[in-house]
């Protein structure tokens, strides 16, 4: 809480850190235009948003993540790379406690988002997930209309007045750069959209509840080249206002879209740092081998 | 693009009601699930409680029950004449079940192999619904079929060598009844064999026959075995067909041409005759029921265990 | 490492140069023979294929023979009487199955109302609420195992359970006897005395029973009574020994009884008449059948829920939905077509089940109508078929076949509804 | 619908019955067709009365009867001393009403061309004791050396009891234990009709309904040594002895207070002689029916077939069915 | 036949090309030491082994391969690359008629292996598949023992005495570079091996029937880096004696292991040629984009 209060004046409203429900009234008064102080951006860039320390995760008795320590800075795109099965998805799914639904999954260590202890059993996961949106490998819109997909989250969480929901849906779809393509068929089934449109719809759905962080697990791996491009453009825009963590298999994509890269191997973090450094002058031989495609 | 008011000024719904609803639903659903355990407990309590009246009687001994070759619960008015050896009923059940299995297992498995390995879409489109229709036929209908078509045909074929009610016609009808079950469960098992194994076999130059018999069936064997066990317990527990077609005389023999009262057949007869409710003869039906329950429960349990092991071996 | 360097290095690597086994050498050189071998193997394969086709055809053939033999036997009895009449011993030819159709549907209804919520609830609990705690997980596993075992329990054993549990309720609420109040009555019953009037021909009036311990009444003086519309009126008494002649006006006769006329208790029941134990009632039968189909419903629902893509569920959780919200908004809507299909198939099973009904309701088929109240007994189609098929008279045999045709048509109808539902929901 | 308060007089001639209620009947499967026939006629007149007829056998019927499970019990033999005691103990008093004659018919397969007639001795050889004849040739060497397949009513039935009484009671033995027993007489018919070497016995009604697939065996009357068929005349004249027997209904007297039961039983006695013929049984002499009617009208409770000391009375039906024999 | 006879003297015995049954006796006499004339290798490199011309393939009405023409030379490794769904596997599966078991699959055009018309209905597929071994993406050993897996094919096709079979199994396992790891547990279940060992076992199983051609569909994609390396080493050895066609997603793998590369896109062949050329100076823009990771 202290960490956050010191900075609260400089933090744009929409990236307000996660607070326990009791904190709401205090910070509700803080309002400022997110774009009013661009000069603050570089300064913010180094503030830690997610802090992982000595983190271990298991599925049953299989250890998927082994003593991992990593800081993920705010308002940047962090890419997780590494060969299949190295634990990238597992880590991502622990950040918003998605692994709660895997009966065999358990973990140990520290995982904080600002001042919130994510792993604590008393953490309100509903609240957590409202602040930490997730986008999956395969676009997974609900078999409902486009509108209903986006409205799903707000309907669950927010008290809305008439008209507000429509406004929110439009805003989210615009933000996800898919509004123009769907505005004439908001009530058509979402499954009728193309893969790329579906994936952008999923992003719209995720940002409609106003998260601070977006987790993306290989968001482009099921998409055609054109759709991939559209999503990459979108990431480029969104990073202004969200902290983004993405898993990718495509090294070129990682180098194109991310500010920072973390390389995992067999459940351990091998190397992390600014993307350019990791790709051009990796410190570890294994990283070098991997980014050059020698394995994986 | 400025954020909509709804997000600028998020008014969260209170989670209290949601949490309460969630708890309530979990409790209700858990009750549902526990109720299923309650049913099993109920069955066991009921069977044990009622058959206590039987096994506890001075006229019944466990030794006689398991080894006696005469069962005269329906025939003896006088409890002193009653003989309670379950072997005749077991032999009746065995005869009917054996005949049923002789029919259902091979043809069910072969049909399953055909469906999963060879059949074209069109054939499947005909064959699967046909089997589903057979699976949906009420057992009374098959009993009727056994009495009216199978029995007379057998008598005609053998020139009266069969009784009017006999184990064979009941067995055939039960076999027809079990066939779709064997078939669909075996097909599931065959289906679960990874395509990669089939391709591996074809890639080595196997003919379709060799692929099925040497690779696919062995790989699906535990699933097939558990299908067989399930079919077996279904046949053992089948009631209406035997009540109509197998006859009501409990004889300790292996002759499939004669009447053969099965365990279920006996229970139905005893219930229908309401023979001396409260007498040892009446309660003997619970003794038979508990034996029946143990047999079928054991079968399905083994089937489940087989199935479980095999699931693990693939994942 | 360039390709050229590889190809030049290769021959010098001694590891590569291993002798070729004689087997391959010979196998290759004896290719003609192996072709013969392959021809033989192909023939075996073809024969096997033939066997498969033959056996599969046989199963179709069985169905065809069965249907034909039933159609031949039953077609002449497929008359309107079959659908409107009821079982008759004196005039077999005018027998019908109306009460049985209504009875089966009523039982099915009870069955659906009880088995579906319970079954779907159980399936949801097992599939969607998987606990992380190891002991609770074991409990889950145990419940799952228990359900598959329940699916293998013979239906007649469920019948016996229904007999103890629903029909007699272990005699905990008393027994059902004639001329006494039956068991523990909870609602839907009004007690009267029924007294014959002077009108004769079974004309009677009802007199409210005030003292339940008094099973009979003797009319000695005018008293209030209820007519068949439920209106109260003053009942007149006529003394045969008195001078007054027996009233001749039928309207008066309707309202007059002989002095000293006796009457016995009559329990007027509403449709919602409810008592414990259930006795041999369709409610007991429906509940018993719901035990039979419960495992089927659970397994079908589980399968259907399992086939809902986990990614949909994760999407919902990712948006901060709770488990129950996810179930209600995402998993259940997506699984409903499968659940409905399973449910309807289970209903088909319930409609065709006879053994537990025989145990719970007995084999009686003489009934002229559907159930009048919850505690009324019914005739069901399979039991009627069982009864008719067991009767050696040719007419009944034909009737049995005709009833089978009707039953199969009803099942077919249900299955088509299942398929229609499945398709319709899939499109939406 | 017509309201009875101002119904025109024309309707009064055939008043529409508004009798309601439920009547439970169980017992003899031999009587069941008669009760069924009466039921069907009765509910034509009184459609709101629910009459449930089962046929689980005389003995089973009596058990329900003394447990107050039924209002009326059908019986193909008189109540036994033990059953009467139970009734007394449970406070069930009843009126005993004979309704028809039956000839207990011994039937064989029509293809059976060796059995022309049967004597009591032959029947005893076939049916009594566990050492009874296994093969037909054991009864008569000229008959085929094939096993006898016997289909008989269940032990809860009056027919079984009657048969037992005629053949086995005298020498205190039991009927053989390896018969195929079934309370459902139709199953017996099917069994006998289905195999050449089978034999069975049941009420004449079941034979009459299946004359085309059964053959009734004439039974030698021990009194005149002549074989008689179970025909209507032979049964009613008691030439078909000893297998000519009366059928009864027993009515719970408490139930008889109920208007619907009273109406039903009156209807039963009034119409049974006509209806029983339709049901293939044989009508009783009118004087017996009249006597039954009197007993009913006078509510004469008790049985004629058990003595004061609780012994079953022996003797011809017509002689026993007298008021002086009535024991409450 | 003519094409083949000209060269028969130089072809190692076990890699003898496919012949129609009638040809057998003639060539049965040809025996020569496979290693006797290494100087011939470069010359052989250009001989066409598989010839594909105007080939089209469909699944139902969906055209997976569109008018494809390609020559695959003998005793070389040819790599098929291209984005997912472009038809690489489909083509591979037509080469040994594996698509016979896909009911909806049909094709048109020319596909010859030496002088054998693969697509002709009269072709003996059992014989064909004996000569064209296949190794799949995911290792798929039969759930039998290691020995039984390798012996499976020979048992089907060859009449063998006991010792001969043992010898053959050992030879195949040695050839697949897995003998040392399994020689002590030949009768243990094959499913107990690691992924890489299983994959090599599958290769051993394929070569135990003496094929000429090995088709490999992404043989390393399910493997860890160490196993991948082992398989790549193996390919390097095997190419001396087999014609190898492999599908891969890993561009680096293609450039490391193959002599020639063919790039597919949406059912068409975009470019094919020596691997170095395709990777360093591609003729088509799309190829360039793909090998640089701009899409796919």
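Residue numbering begins at 1 within each chain, and the chains themselves are lettered A, B, C, D and E in the order written.
To be clear about the criterion, a residue touches a chain if its C-beta (ideal position, glycine included) is under 8 Å from a C-beta of that chain, and two chains touch if they have at least 3 such contacts.
If you want to know which protein each chain is, UniProt gives these names: A, E = Phosphate ABC transporter ATP-binding protein PstB; B = Phosphate transport system permease protein; C = Phosphate ABC transporter permease PstA.
These figures come from a predicted structure and were not determined experimentally.
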Joint neighbours of subunit D and subunit A, given as chain labels: B, C
Most centrally placed chain - per-chain CA mean versus overall CA mean: B
Whole-Å gap between the CA centroids of subunit C and subunit E: 58
Distance between the centres, which are taken as Cα means, of subunit D and subunit B, whole angstrom: 41
Where subunit A and subunit B are represented by their mean Cα positions, the distance between them in whole Å: 51
Mean-CA-position distance for subunit D and subunit C (Å): 36
Numbers and ranges of subunit A residues touching at least 2 other chains: 126-127, 156-157
Where subunit D touches two or more other chains, by residue: 184, 187, 190, 193
Sites on subunit C at which at least two other chains make contact: 38, 41-42, 322-323, 325, 362-363, 390
Which chain pairs touch, all of them: A-B, A-C, A-E, B-C, B-D, B-E, C-D, C-E
Sites on subunit A touched by subunit E in the complex: 83, 224-225, 228, 250-253, 289, 292-296
Touching residues (chain side subunit C, partner subunit A) in the complex: 130-132, 137, 309, 311-323, 325, 329-330, 333-334
Parts of subunit B lying in touch with subunit E, wherever the complex brings them together: 120-121, 194, 196-207, 210, 214-215, 218-219, 313
Subunit D - residues contacting subunit C, complex: 3-7, 9, 11-12, 14-21, 24, 33, 36-37, 39-41, 43, 45-47, 50-54, 67-71, 184, 186-187, 189-190, 193, 209-210, 213, 252, 254-255, 257-263, 275, 278-279
Subunit C to subunit D touching residues, read off their complex: 88-91, 176-180, 194-196, 199-204, 215-216, 227-229, 233, 249-251, 253-255, 262-266, 268, 362-364, 366-368, 372, 377, 390-393
